[in-house]
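Structures given as structure tokens follow.
Each of the two complexes below includes subunit A, the first together with subunit B, the second together with subunit C.
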Partner chain A sequence: MTDETLVSEKTEEVTEAPPRQGRPNGLWAIFKKELGHYFTSPIAYFVAFATLLLTGLIFSNDLRSRVLYQAPPDGTVVLQTLVFLMIFLAPLLTMRLLAEETREGTLELLLTMPVRDGDIVLGKFLGAWAYFTIIMVVMLVYPFILASVSSPDQGVIITAYIGAWLFSGAALAIGLLFSAVTENQIVAGFLGVAAMVVLWLAEILAPMAPPELRPFLREISIEGHFSSSFARGVIDLTDVAYYVFMMAGALFITTRIVESRRWR
Partner chain B sequence: MGKSMGSEGGFLGSVDWRSVGRTGAAVGLALLFVAFVSMAVQADAPVIIVSLVLGVIGIALWPMLALSDFTEWMQGRQARYGGNTALVTVAFIGILVVGYVLIDRASLTWDLTATGKYTLSDESREVIENVVVDGGNPIHIVGFYSSQRYRQRENVELLLKRYEEAGQGLITYEFIDPDEEPTVANLYGMEYDGMVYVQRRDADPEDAIPVRNPDEQGITSAILQVTIPETFMVYFVTNHGEARYEQTGNDGMSWMSDLLGSMGVQFEELNLLAAPEVPEDASMLVIAGPRLPFTPEEVAKLEAYLDNGGRLLIMTPDPWINEDDDPFAPDSPLEEMLEERFGVRVRRDLIIDGKSNAGDPSWPVPVRSSSTHGVTRQLMGAPVVFFFSRSIERMDDAPAGPVRLGLLFTSPDAWGETDLEALLSGEYQYDERHDAREDNGLQMAMAIEDSTVGERAARIVLVGDADFATNEHYDVVPGNWRFILGAFDWLTEFVESVTLPPTFDESEQPIFATSQQQNIIQWVTMIIIPFSTLAIGAVVWWNRRRR
Partner chain C sequence: MIEVQDLTKYYGNFAALKGISFTVEKGEVVGFLGPNGAGKTTTMRILTAYMPPSAGKVTVAGYDVVDGSMEVRRVIGYMPETVPLYPDMSVFGYLDFVAELRGVPDRWDRIEDVLDRVGMLERADSLIRNLSKGMRQRVGLAQAIIHDPEVLILDEPTIGLDPRQVLEVRQLVRELGRDHTIIFSTHILSEAEQVCDRVLIIDHGQIVAEGTPQNLRDRLQKGGRLFVRVGRADGDVEALLRKVPTVREVTSAETGFIISADDNVGVRPAIARAVVEAGWDLLELRPLAMTLEDIFLELTASDEDTAEPEPEEE
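On to the complex of A and B.
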């Protein structure tokens, strides 16, 4: 048997797909584990505390100034702040998800279990997204408070929440991708923030770019797809597709990166 | 390591051709990516071609400079699986991009705003339908937005897309960056960044109608102006201390010219003493709270105008003027004309309505309005608040001919207080000998139509107050401006065609919260919610530590 044949056989052995019957349970088990981890980790509570404190501060101050200047209510102020915070929150929440597993060697262990690579990635992503969704559910208190002292446009609030939720999903998926790239959490977090900043600034930089590049930069702007429709009370299927496809693309690439550990 | 150019001696022999080849391939791939992006954004052809050619050369360098290394890498499992992964990934991303482009072209949106801010109203659809039916006069809309105003442009585009969809190819739009095309901006006479122009597609730019506030009302009205070549002239009568349409302070009525002026309605002042007659092009006259009497000559000109089917909006001042100066005092020429010709009398009183919920009995709020009349139909139940209003009497011994219809009524408890000094001292009460009171409530506004004289019917809207229509009060409640627009509409008969009633958006009403409420909200949002989360986290951490 030649060396080449040996290598080939070994590869086939390693890359063999895990049994399918484990799939739903595997995904569910990883999702539960990740979500549970957030609820037992003091850092996750601290992130929630910082987010709620900051958004609470902005909501309260905005309300006071609007009362003072007799301005109408704006139910999207908090959510616009939240999507900006996601530049930092998403990498913070996702940087450890795969990087830590890689560094501690537990990812190798996971890969030997009857769970698909995609389920590992998806389970971790859904866990992070569910955690963030819970924070957003707590933040629903703001529109209720606003409605008690004014008549905000409920339609705008609903679309803004849907938009911010989709935005957070896309941001978390991007964060997770960089967590798969490196085993160093700090590097993963830094890369995630850098990617988010680039996507955020794309629209702001567009006017300075050559005219041919401007439409492209605007299309990739992660913030533009929120502020141009969701924050105005409109659901544009293009913007929904942007966030969903961004999630799908990032998770697909993440899965391929995790999968590459089998043959690298 | 296989055979490579590095096997030669001298300087070339010291070069690591494998590294050079691999670097060349990496740069080549990057350049291919640049070429792909350039194609996607339709960049200049030289950019695409140069990056494409250099990319291919870069990749070709690897097999050329280090063939064995290249072959070895290609046959290795990393290349095989890496290639597969890259191919699958590129294919997947490609599918997503194609899907995104298709969805973007479908342009599917749902407007969830309370007032349907980004959905065309029935009135706009009717206007667009006329453009479509007409067919021969396609409309083109041009928006001037620089790169810095991209957000505002997006906002307008949300709306313009609806026009384009409804226009079935007969309404198109484009955006022009005035910084990049200043000549075009100059042709349109662009006043500022963020202006929109509506024109017939084949018309010259200078004939385009400017839309300074590019919302649905502004755009639809501009389309109407383009399709209906009529001009509307409104004259404000002056010389008696009236409010003026150019006056921007609290007592002025500049909001009317601001709102209607952008829709093609033109405003002028009219001095009846100086003018030989009311100009022929007058669509209507406005007498806005005169505080000096009219001369018989002036009234004669008004009467002649009405005989020819003239249209008149009269808003009376509050009664705190010397009786000699009051243009509506008994025996004054204007009052005499109203009484003798049309059978209506403006009383020298002040309506006191204890049922008023505007905060003061002398700020009467009509409890009843005519729901079918053209003036009040647009109220749609919205409240109107008058400030120190006179009552209007429908005289029993009226001449035959004029049709007089009450528009706004007080509650039956209201009365017209005539003791003005008692009013100032606050010690007033209903006196049945002098003060008017009617079973169905006092009339605060009246519409009069007389078709007995000229070919065209004369129309008058007579209102017991002028303060409600000033800049200070027209928007305190939606009913105030709706009533005025309704009056313009009914009097001119064509304002309806250029004016969409502004939508009442409850969410635009200011927030009202007491200091106590604000403090509670601050406590809940800044202390209770975040620190409860922190406390739960601390308990979890403590419990885990104890275990």
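On to the complex of A and C.
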């Protein structure tokens, strides 16, 4: 038994020996291309610049007033700002991903490559999320500054970062979805912002809605799952599941939309 | 290598392909000839597994384009009509991306080979946005052959190029034809004549004629036309020519007469004799070679106005 598995493992090794022989790796290739593109794209630099500038200003202002009023330090303020900014940043980062491929005709190239449609979508999404993760890594400078001048609650900061990271994944997936809908980047961007605003305001709109809709509106609120849990140091599985579900759902629909291009 | 049976494709209610069938043998260079909107691009998109047929069976290298879509995509190299390039990438970066998508082993060596083959080696580091149309076309070709595919499908590879670039691309296609099976579409008839072993003429989603360029010409030339030029005539030449047996029609052209006859070979001595017997000089007597252009017009002229536009590139 053990001998057999050993042998089969060995033969597998042998067949896989030549580098990347006959094993197209579309997901990885697309991920690399998209992540690389962010480092040559003015919009991506603008997003990074705006994110770091705005969160930096908020951070220093907040810090100054807390010192002034002797208030306890709060490492989550920048992240609260960040998730709000995601309404605009996520569509900015994702609007071109599929819209441009469609417009330039390069989608025809991708769709005739030996790559699954889902891998194309997933590769693009992961490229965008990886880029945003890099921005968030740079933002780790804030808790370090905070820790050097006071003793903030590190637990809350960690959960808030995890929450904001999940939030950004969901926001980017939604942005990508609208990039698949149209071949016009600007339209994709606007639709993405609109969708984010609706999801953001869902909780605020809930009290005005018919009673039977209220719980639903509260549940789909993209902000509620962050500010009332992760930002308070709580990791609730429901909230994790919410963001994961948003990502998976948006990516699934995006894949379906890309597939549907074949039928037109 | 490629087998197509009763291939039908509908866009909504519009039938872009109305049940076409053909086969392509290994190593053949086959030209799709047809006006815009004939169904050439649609056929190619189905062959490359870009979109599924509405009905019919299509296999490439033994794989069905629907059930074996991934395998089909692996054996095919495809250059769409609008060359799919990323303007922000360098030539090398672009080919590296495609090669990785296709899982080409020893990518960098292969890219160098391919660039050398299309004559773009010295532009490897240029951004694609800075390339001329002809160079982009060559990068598109390089992309299509990067994985040394068994089947190469080129959609109007010479469209929009200047005459020299056209010649270069044709030369390249002929070279590639030595070790690849190629399907290649065009609406330029002389191009199909020069490059292809066999031509399929497609119109309104149907194959209206098929054969070698020579073959097609012969077939449609039966009872072809002759040009006759007579010098120093003191009578009615046209009337005389009409009297020659089997001559169907005589029209006067600029310097002579064009004759349609049932048998354009057998009638020649009779014409020569008739002219000489009348005491005139026969200056010229030659068959008018029918170009594919003529053949094409003859085959497709029937209902030009109803031609539907080909679906635009998205």
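Following the convention adopted for this analysis, the second predicted complex is superposed on the first by the 240 of 264 C-alpha atoms of A that agree within 3 Å, B and C clash if a C-alpha of one lies under 4 Å from a C-alpha of the other, contacts with A are read in each partner's own complex, and residues count from 1 in each chain.
Please note the rule applied: a contact is a pair of C-beta atoms (placed from the backbone, for glycine too) under 8 Å apart; a residue touches a chain by one contact, two chains touch by 3 or more.
On a predicted model such as this, the values are computed, not experimentally measured, just so you know.
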| item | value |
| --- | --- |
| Superposed partners subunit B and subunit C on subunit A - clash or fit | fit |
| Which superposed partner A:Val138 touches (first subunit B, second subunit C, both, neither) | first |
| Subunit B versus subunit C as contact partner of A:Pro42, first or second or both or neither | first |
| Touching partner for A:Ile30 - first (subunit B), second (subunit C), both, neither | second |
| Which of subunit B and subunit C A:Ser151 touches, first, second, both or neither | first |
| Which superposed partner A:Trp263 touches (first subunit B, second subunit C, both, neither) | both |
| Subunit A residues touched - subunit C or subunit B, whichever exceeds | B |
| Gap in Å between nearest CA atoms once subunit C and subunit B share a frame through chain A | 6 |
| Touching both subunit B and subunit C, residues of subunit A | 40, 263-264 |
| Subunit B partner contacts - residues on subunit A that touch it in the complex | 7-8, 11, 15, 39-40, 42, 44-46, 48-50, 52-53, 55-57, 59-60, 63-64, 66-67, 70-73, 138, 141-142, 145-146, 149-156, 158-159, 203, 206-207, 210-216, 218, 224, 227-229, 232-238, 241-242, 245, 248-249, 252-253, 256, 259-260, 263-264 |
| In the complex with subunit A, residue positions of subunit C that touch it | 11, 45, 48-52, 70-71, 73-74, 76, 78, 80, 82-88, 97-98, 100-107, 143, 313-314 |
| For the subunit B and subunit A complex, residues of the former touching the latter | 37-38, 40-44, 77-78, 81-82, 85, 88-89, 92-93, 96, 99-100, 103-104, 106-115, 117-118, 146-148, 150-151, 154-155, 158, 180, 505-513, 517-518, 521-522, 524-526, 529-531, 533-534, 536-538, 540-541, 544 |
| Residues of subunit A touching subunit C in the complex | 18-26, 28-30, 32-33, 37, 40-41, 102-116, 183, 261-264 |
